[in-house]
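The chains carry the letters A, B, C, D and E, assigned in the order they are written, with residues numbered from 1 in each.
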Amino acid sequence: MTMIFGIPLPALLGQLLIGLINGSFYALLSLGLAIIFGMLRIINFAHGAQYMLGAFSAYLLLTFTGIGYWGALILAPILVGILGVVIERLFLRRLYGLDPLYGLLFTFGLALTLEGTFRYFYGSSGQPYAAPAALAGGTNLGFMFMPNYRGWVVVASLIVCIGTWFLIEKTKLGAYLRAATENATLVQVFGVNVPVLLTLTYGLGVALAAFAGVLAAPVYQVSPLMGSNIIIIVFAVVVVGGMGSIMGAIVTGYLLGIAEGLTKVFYPEASSIVIFVIMAFVLLLRPAGLFGREA
Amino acid sequence: MAALLDIKGLNAWYGESHVLHGLDMTIHDGETVTILGRNGVGKTTTLRTITGIIRSRKGQIRFDGKDMLSVPLHRTAHHGIGYVPEERGIFSSLNVLENLMLPPVVGKNGMSVEDIFELFPNLHERRHSPGTRLSGGEQQMLAIARILRTGVRMLLLDEPTEGLAPVIVQRIGEVLKKLKERGLTVLLVEQNFRFASRVADRFYLMDHGQVVSEFPVGELPDRMDTLHHVLGV
Amino acid sequence: AASDGKVKIGILNDQSGVYADFGGKSSVEAAKMAVEDFGGKVLDVPIEIIDADHQNKPDIASNIARQWFDTQQVDAIMELTTSSVALAVQAVAKEKKKIDIVTGAATTDLTGKQCSPYGFHWAYDTYALAVGTGGALVKQGGDSWFFLTADYAFGYSLEEQTSNFVKSNNGKVVGSVRHPLSTTDYSSFLLQAQSSGAKVVGLANAGADTQNAIKQAAEFGLTQSGQRLAALLFTLAEVHGLGLKAAQGLTLTEGFYWDRDDESRKFGERFQKRTGKMPNMIHAGTYSAVLQYLKAVQKAGTDDTEAVSKVLHDMPVDDVFGRGGTVGANGRMFHDMYLLEVKKPEESKKPWDYYKVLATIPGKDAYMDPKKSGCDLVK
Amino acid sequence: MTQVSVERAVSSEPRVVLSARGIRKDFGGFSAVRNVDLDVHHARVHALIGPNGAGKTTVFNLLTKFLQPTAGTILLMGQDITRTPPDKVARLGLVRSFQISAVFPHLSVLDNVRVALQRPNNLAHQFWRPVSALDTLNRRADELLGLVGLTKERDRLAADLSYGRKRVLEIATTLALDPKVLLLDEPLAGMGQEDITVVANLIREVAKTRAVLMVEHNLSVVADLCHFVTVLQRGEILAEGDYETVSRDPRVRIAYMGTEEA
Amino acid sequence: MTDANPTIRTTLRAEPAVPVSGARIAVLVIALAFLIGAPFFVYPIFLMKLLCFALFACAFNVLLGYTGLLSFGHATFFGGAAYFTAHAVKEWGLSPELGILVGVAGAALLGLIMGYFAIRRQGIYFAMITLALSQMFFFFCLQAKFTHGEDGIQSVPRGHFFGLLDLNDSLSMYYTVTAIFVGGLFLIWRFVHSPFGMILRSIRENEPRAISLGYSVARYKLGAFVFSAALAGLAGAVKALVFQFATLTDVAWQMSGEVILMTLLGGIGTIFGPIFGSALVVGLGNYLATTGFPVTIITGIVFMVCVLVFRRGIVGEINATRLAQKLGLADRSSG
């Protein structure tokens, strides 16, 4: 058997694939963060909580209305997205134009409240949620046993990431959004309804988090704390990728997922901090991040 | 000639501070009118109030017969008013071409992109650079070009020559003349008196948030004394 | 007679944080049930239960404990989820010469290096979990082990103690991997566990980490391929949160199961009426601790700490939780532990019917010999 | 504008204090500055003019090391500063102003100047002394404010000054460092006529004892003030010489001044 | 520098040095009297906790309020110092004052390392980098042997301060803590209103301009960062002695969030604001513990309300009132 650093090649391939799956979540979440930051100049600390809300909506939809996974995959992001819209309308818009730190602090409070509320009503040990029957079981890839559901996660996240990237970078809508970030009044003077745009953007970013949440529900325990564990890592991903760069967020998400996966094989003790270490190095060598735009 | 823009008794405030005190102004279709005045008399404020950026305003603004006071900010452009701000407002996250294409087209007699690039060859050359990586003068051109594409009927231009090389100032003068031939109405704010006198049909002189005098270009020589006094030119 | 006209017990635990399901508000209910069962009065003075949420912060906990002792005439504090809190409050109680009975924390230090003459450890500890899952499971044929260990002291000590029992029962440990706290994705580790070929995969972690690992083990078909999953610290509440579909086949050790016999069922049902859920070993442990404390006060005829402690050390425990229990000189309460297996969904006949009892580990075997505990109260 | 000021400082010792050789700056594929050689002399005013986007500000950024040149070398008083960080360059005596006014808005006018004075007077690191330690700087600061006519505004917040006054303040702050070489980016832009006169005279005055390199579009001032003019176009030097020579150059007229008299 | 944001300078603005007015002195005297008399009315250990957190918040505020840098990793210094001190006193048998010194030095060193990376960026990037680095430190503490994992370092002896004062007596402990607190506060006040502090302010106002005046901005920021870290460490070290333990909660990122809340609530960029803020947060945490209402929800709501309607914080709002301005309690710029 071919060995690489003392690890059989097939095992290595397996771990790479697993890293990619992990990266799918990072990519989806950092994409949403990057969009919200890019357009609203708000670091959405509540992103993790909204991811959790996505997973919980799937669970609640199932328990109270009987709507299963596929329905939830569409409905949960919409519902959570609408909540995002409401939050933006009522609160966030009062913070535009202020120091972005206030946005960070507000969403931090929001995250605490959301998580606290769910912990209060649903306890901390979480709720069960099963993968859809169509994706149950797994496939033997030769080098590893691959649960079908995980394959689907990779595919779904790729589709959504690329679609979102296209929407923002390649359409007129995206140009409005980017311009509005810099000078919303002027874009309005040009005849674009910016407040509505911003609202929708936040809704979209939040919906992406919720989508990731639904994807995660069958893999991870649906628990009020699921978001706060992952959000700090995703922050690091975004810093490494370069804030505000959509492509950067996506690519870095996958890359760091893989890096983390490999660390789990070679030096598992360090897998929790490997992303932070990478971040430190990137900051030393390229302060703007891998994909950041800075002279 | 019909009055395209008709302003009566306009008052405007920045928070507590009252800046425009009953301003009256009438601009006819196809005219180029220049507002003159010292620093801080409220020229920029006048333009910002017309577009609706400043919402705390009282009085009357009619554009093409319609009352503009109740129009939301993002609808102003659709009525046919285009604005080029003093600070130019080029977007750094958009490249030159994207900046140019940004404002939605609101009228039918907008210029085509080809025409624009012919008028401003610099922009064509730098079309893929980020907007704010242009020099000051290039940015000014881009800001004007951007509005020309949308086909508005009236252009509000705030100090388009500030910080520009003489040769560019001259070019912008030519552009304004061409726009006039195309039937565009222009309301221009200028400190550069020499430039203004070349392009304008008529002048308003502002002081303390009011129009203090109004005269056509022909009367300019007779007025030089007052202008000297008020503007220090 | 009681010193101040009443006997007051404080339940100090996590009610809103990560361990809220462990005990939480429901434990307060359990304590109140004990008071009712005792008759509401002791030595003719009323019994009062108060409670507080320490938010898993030792400084808040120690602050509250001091205030309870100094200004609120609290005579004993119980439950004390999470070891940092338990150790801190035990130190305060020792200083103030007051009784604390821990049911919510796992560390053996409470009855070891940091033991207190007035401190008691009631429900379980890492040693007992290791004996139960490590020792008893080997006897059932699970003789080769692979550990998935949380990368901090708690994980290490669980792994170490468990492997000792595995080895002393002639089993072997074929490998282990350490994962950071709060890891969400366990697939890499599970693949390693899978390829190790061990019969038992031991999860030396807790809470959400264990839950995620179990859920993903099901996804990777670990149990289908003949391996057995053993959670070293896991309770009924978490099995409930995970659902039988994901948890089936899991082996674990608890000090209590509501469906053990009639007595426990009666207790369980009463508890469920009040809280909406069945009790785990922490709830039942807190019930038992309160009850035993009251009995001790009764017997001592006073709520004086020294006297009550002495009775607590000497008097056997006999209630639904601590049947035939005894208390060691280091404050450790010895009671039976149960090796349990989570049922398949189709085997479960009624709500909360989650476990099969694989083995009962007698109290004297389940806990560390006080002489070896390192507690300097043991001569 | 052909008049030559009689007041022009006589360059007693026209030695080169700042010199750049073959400097170049590429942004992505685009080179904003190419092959620029510059010699700035002590006790002279050197103008850098050119159409918008010619690269004047970029040259300033390169000389002061706010940008790192892609190629070329820069010498400050014989010392190679091509790789030196910007704050160090400033400490070596090369100080700049900015095209858009750069003051500390929420400090008083006096404090703005005092901040600049702190470093040369070794009062920058003391975290254990009270601010009143800085009062020793007041005399010099007031002197500088007097020089630019800001005495009346001494205690106002810089943010409350009008644009023109801010630029004046910026110049006072720059002078506080007593730089050997002074780089001014459009120092007169946005100023009213009175300020223009004051500041132009000030520049003339300070240039007697140091080198000044300035970017300016106001050609009458350039004609009046500058000993030497370099015309930049598309990142390259188009013409050099004194104002009369340069302004007669037909290429300069086409590229910059236009056909009419400015 | 694309992330330079113009609004930061106007919304996070600090008070300039103001000549000491009569009213100010009166307030100080009252505060001091209160500190001296307080343990006879309020629970001393609670007071000590309060003082530790107040010092922590004030130290944090040096960075946020006077340098414009939001650190989301200050728990590292607070909790880190607590561990160092606890270890030094318990395992090495050092005296309390030396233990505190070890804690402070350790925190300063951590500050130097974290600052070295973080000051390369500004604004929210800075916040996120500090957050990530402090998370690394959390994992370090979790896994390192000397911290005893989730048990924490327990039963730390208080010992005798300078070999004389028996800290096991709660009153002498209290007055020691008070003295350290007042000393720390004075240090902060002096630091902020010093020539060095002046440069910090100018950097916050206009960084490129400060560079062009020859200031190596990075060094000043780093200096402020280390100072703030060291004082946060002082607070943590004292807390370890007060409670006689050091645990993971103090290095967790939630603690960093809490100190931000304290500062925000009290008033960013005011000297006394963080003291009020921490009193409220600590008091609330204690109070809610026994009410059965979930603490996180309340904390979250307080956060949101503060940001939305109460950005200046308690002291900031008081300073802005006419009366305060008239008495000369407030500064010139916040009106």
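In this text, contacts are C-beta pairs under 8 Å (C-beta built on N, C-alpha and C of every residue); 3 or more make two chains touch, one makes a residue touch a chain.
The UniProt protein names, listed by chain, are A, E = Branched-chain amino acid ABC transporter permease; B, D = ABC transporter ATP-binding protein.
Predicted model, so just to flag it, every value in this text is computed and none were measured.
Undergrad: Out of curiosity, which chains are bumping into both subunit B and subunit C?
TA: Common neighbours, subunit B/subunit C: A.
Undergrad: Which chain's mean C-alpha position is the greatest distance from subunit E's?
TA: B
Undergrad: By the contact definition above, name the pair with the higher C-beta contact count: B-D or A-E.
TA: Looking at B-D and A-E side by side, A-E shows more C-beta contacts.
Undergrad: With chain centres defined as C-alpha means, what is the inter-centre distance between subunit A and subunit D in Å?
TA: Taking the mean C-alpha position of each chain, the two centres sit 48 Å apart.
Undergrad: Could you tell me the distance, in whole angstrom, between the mean C-alpha positions of subunit A and subunit E?
TA: 32
Undergrad: Could you work out how far the Cα centre of subunit C sits from that of subunit E, in whole Å?
TA: Their C-alpha centroids are separated by 37 Å.
Undergrad: Mind checking the centre-to-centre distance between subunit A and subunit B? Centres are C-alpha means, answer in whole Å.
TA: Computed value for the inter-centroid distance: 44 Å.
Undergrad: Which positions in subunit C touch two or more other chains at once?
TA: In subunit C, 16-17, 151, 180-181 touch at least two other chains.
Undergrad: Where in subunit A do residues touch two or more of the other chains?
TA: Touching at least two other chains: 116, 119-120, 269, 272-273, 293.
Undergrad: What positions in subunit B touch 2 or more of the other chains?
TA: In subunit B, 92 touch at least two other chains.
Undergrad: Let me know each pair of chains that touch one another.
TA: Pairs satisfying the touch definition: A-B, A-C, A-E, B-D, C-E, D-E.
Undergrad: Along subunit B, where are the residues that touch subunit A in the complex?
TA: Answer in residue numbers: 51-53, 73-78, 83, 85, 89, 91-94, 98-99, 101-104, 106, 130, 150.
Undergrad: Inside the complex, what are the residues of subunit C that reach subunit E?
TA: The touching residues are 15-17, 25, 50-60, 62-64, 66-67, 70-71, 82-84, 87-88, 91, 107, 109, 114, 151-154, 156, 180-181.
Undergrad: Would you pull the subunit C residues touching subunit A in the complex into a rising list?
TA: Residue positions touching the partner: 16-21, 24, 151, 177-185, 187-189, 191-192, 194-195, 207-208, 211-212, 215-216, 219-221, 237-238, 240-243, 245-246.
Undergrad: Using the touch definition up top, name the residues of subunit A that touch subunit E in the complex.
TA: 37, 41, 43, 91, 94-95, 97-102, 104-106, 108-117, 119-120, 232, 235-236, 238-239, 243, 269, 272-273, 275-277, 279-280, 283-284, 287-288, 293-294
Undergrad: Using the touch rule from the top, collect the residues of subunit E that touch subunit C in their complex.
TA: Those in contact with subunit C are residues 43, 45-46, 49, 139, 142-143, 148-152, 154-155, 239, 243-245, 247-249, 285-286, 288-290, 292, 294-296.
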